[in-house]
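Labels A, B and C are assigned to the chains in the order they are written; within every chain, residues are numbered from 1.
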Amino acid sequence: MEIADLAALLSPPAPEDADGIVVRAMRLPRTLAALGAGAALGAAGALIQTLTRNPLADPGLLGVNVGAGVGIVFTVWLLGPVSQVALIPPALIGALMVLALVWAIGAASRSPLTLILAGAALTAMLSAVLRGLILLDPLALDVYRDWALGAVDAARFEVITPAAPLLLLGLGLGLLAARRLDALALGDDLALTLGTDLARARALTLAATGILAASAVLAAGPLAFVGLIAPHLARMLRAESTRALMLSAAGCGAALVLAADLAGRIVAPGLAIEVGLGISLIGGMFLIWRVRRLARDPA
Amino acid sequence: MARALPHRRTGAIRAVLAATLALASAPPVVAEPVTIAHRWGETRVDSVPERIVTLSYTGVDAMLALGLVPIAYRTWYGGDARGLWPWAAQLMPAEATPLILRGEIDPAALVRLRPDLVEATYSGITRPQYRALSRFTPVLPPLPGQADFATTWDRMLLAIGEATGRRDRAEAVIAALLAEIAAVRAAHPDWEGRTAVVALPDGPAIFSENDGRTALMQRLGFVLPEAARGLGRGAFFFEPDRELTAPLEADVILWLDAGGGVEALRQHPLRHSLRAVREGREIVADPDLTAALSYASPLSLPYALERLVPLLEAALDGDPATVVEGMDATGLLP
Amino acid sequence: MSRAALAHLLAAASLLLLVAVALTEAAPLERLALLRQDAMERAILLHIRAPGLILAALTGAALGLAGTVLQVMLRNPLASPDIIGFGAGSAAGASAAILLSGSMAGAVPGALAGGALAAGLVVALGWRDGISPLALILIGVAISLMLTTATDLMLSVSPAILAGEMARFLTGSFAGADLTAIGVLALATVFGGAVLARLGHSVESLALGDDLAISLGLHPDRIRLAAAGVAALLMAVTVAFAGPLPFVAFLAGPIARAAAGRPGTLLTLSALVGAVLAVGADILSGLAIAGARLPAGVFTALVGGPMMLALLLRLREDRG
């Protein structure tokens, strides 16, 4: 391929070149959004499952999705319907605020269960706030309904660009956290004697998880289950260390979201099936299939 | 926003509405007690009601169309400070001070208004609420066999007309509106059999044959493009795959913008590949016209026709250079 | 008088006071005079206000019972039925039925079926040669997430106005009060309360460990199954008639235990606290915005949210 071809591929296609538009302005950002969101959720899932030693933990349990939802609904309630790009900052702020709250509650707690339940309880509270807001404003309800399923088909570079640096930052922090988590896996007491700062490892892991989840919610809306399933697929691939697990879960997550997006287009040709719908179906079945073996009672 | 005055008179409807307004101040017609069948049985209205509460989301429009001013009404979305859109605001007497109901139905507050009819055919009223309210006053819940929000404007208007002793008036309004639609169709033989899609820019989502908005276009002679038929599978709307433009390839595209829609259109990468867009056969309904088509009430439909017909004429005049009114302001034109 | 007895008395007094405030609309003398003169006001009290208040009190009591027994049984103050998927199941079932029927009337059968299915699923999947509290919580939270996603899905594919009504239902309110609702809920609450009262001490003794319970001649799994079944029943019935009222199940137990100054199920006190929360929310829902009634769930969330945060922060100190 000549350099000129590459340049032509990257430059905006002519308005009448429908095929060029489909590939460059639709399939490319759509694929990138699916891959990025999947990778972020997969890595985040591996981290949170390792940290809480709970194979059923999902990054969504940290309340990031519902935080972003509240940010979006609150903005529309305040300002009326606005463009997709204008909703990015409030979604991000909402996600990070909830994350900070769960982090404050969970980071210092020794009990992994407290973290999960704190996230679940905060999610319940914010869902109630969100439902109150959409009751007062039918237009906010419409915007929320459109967003809540999670979709990548309308992904555009303007929307996924802000998510990319978050993904990289999250992956970087995650790699740092993974090393500490491996030390922790030897047991809290041993880790202490090995000089690993327990609290710092927890804080780092939570920060990485949250940032990754926030980047995913920006790129594709709230996608449940990816973070739950991807680490299990990675374990089937025999990823051993936390670092390997995280990276391979990122790969599995990316593949999963992309596959679900493609599956939706094959199952219902001609219709837009939001990727979140496909993943929820796959995820729900996977959960029921695997759950009995997964939730081993450590007590 | 400056908006050009509508340059078409929907004469018959104006005449009927003027008549109903005159009627509003006239003494109520003496009527026999009427019994109206509905989903949960029958409601008997003994005398012509004067204090009417309407809980239907489009109820205030129906009342005003019959020349009635409710003492309280429920709003759906948007509108002016009183929750009224232009088509209803002009008919609501300035001196009237009806109570505006928002949020949940509050039966105790309603009863204290001492209504002699509570109209709720399009309201989502629950059976317990219906029963509690019925102890105090006749209540008109959804009609037989109708889901909460499936009653069409004409059935609703007839039922309300019957309950308020204004069945003749209701029939006249319905006949005038249907005649107006037929007249528009007759005046535009060139629209017959041409294709039209009504769609929301976000998605985009296309309204299928079951939806009132697409049904109105069909009453004007338009048909849904072959590629858009059947995709709805019985639902009111469907979202085609974003890469698939065939369902949108029509002789005219009517985008309904409830707010933020222009931005969504600008962001659709394939919009310019649509022939209707390239040839100036695209219409963006502003939030008022969108609401008029979505409310689909006996008042909003005349308003919608009055504004929509010139837009359709400009879009379908066979000259790509004609700018459809309002399109230049959206900044969507090349 | 012991602190626990005092707490019971205080909760009962608060409930009575709130009911009095609600019935007389905060102006007792005027209202009483008006009630004497005005037949319509008496009818409003009898047929509209009283059913709403009774439904609120029963809903709160049922949620209080369901919440406290699960928290004690699962040995975790955060593990209430609205967190571990029982409530989410009823909400998803109700939404599906509303969507399919196109009418709000679908909510009751949908909530009952959905709640039963979800609770059955959580318990079945959490079964490890018996009910394991930890597995039950982990699975419950995961299934709750799944069902909440399903509910959002139903909200997304409904026609616009129906979605608005569905959102209203999902917030939780007492608009559906009638004799059927009150009768069914009263039966369920009395039945559930009676079963739990019989189980009461054995549920608490489970907290000391299964071995001890077995040595006392108890069957831990039967007790857990019965308690979980009752909690699921109470949850499903409340969602069917009042929607998924947030936080009441979650908060009643911890408030009761803090007030009484001792651990345990504290069934009566938890039921009273739940009723106080729900009736209080019902009063606020008519007052907040003039001319507009907001669903009571908005207020249980506004009151419950900060209380929950305080509880979580205390847990952090305890465990941190």
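Criterion: a contact is a pair of C-beta atoms (placed from the backbone, for glycine too) under 8 Å apart; a residue touches a chain by one contact, two chains touch by 3 or more.
Just so you know, these numbers come straight off a predicted model, no measurement behind them.
The chains in contact with chain A as well as with chain C are B. Of all chains, the one whose CA centroid is most distant from that of chain A is B. Between A-B and B-C, more C-beta contact pairs are found at B-C. Work out the mean CA point of chain A and of chain C, and you get 31 Å between them. Each chain gets one centre point, the mean of its Cα atoms, and the points for chain B and chain C are 40 Å apart. The set of chain B residues touching two or more other chains comprises 76, 103. Residues of chain C in contact with two or more other chains: 160, 164, 168, 294-295. Residue numbers of chain A whose C-beta contacts span two or more other chains: 135, 138, 142, 146. If you check the complex, the residues on chain A that touch chain C are 54, 56, 58, 60-61, 101, 105, 108-111, 113-114, 116-118, 120-125, 127-129, 131-132, 134-135, 138, 141-142, 145-146, 148-149, 222, 224-225, 228, 276-277, 280, 283-284, 287-288, 291-292, 295-299.
On the side of chain B, the complex with chain A involves touching residues 76-78, 103, 202-203, 231, 238-245, 247, 258-261, 263-264, 267, 269-270, 272-273, 278, 334.
On the side of chain A, the complex with chain B involves touching residues 15-16, 18, 21-22, 25-27, 80-84, 135-139, 142-143, 146, 153-154, 156, 265, 269-272.
Those residues of chain C lying in contact with chain A across their complex are 76, 78-79, 82-83, 121, 125-126, 128, 132-135, 137-139, 141-146, 148-150, 152-153, 155-156, 160, 163-164, 167-168, 170-171, 246-247, 250, 294-295, 297-298, 300-302, 304-305, 308-309, 312-313, 315-316, 319-320.
Across the interface of their complex, chain C is touched by residues 57, 76, 99-109, 111-112, 114, 124, 126-129, 131-132, 135-136, 142, 147-150, 235-237, 294 of chain B.
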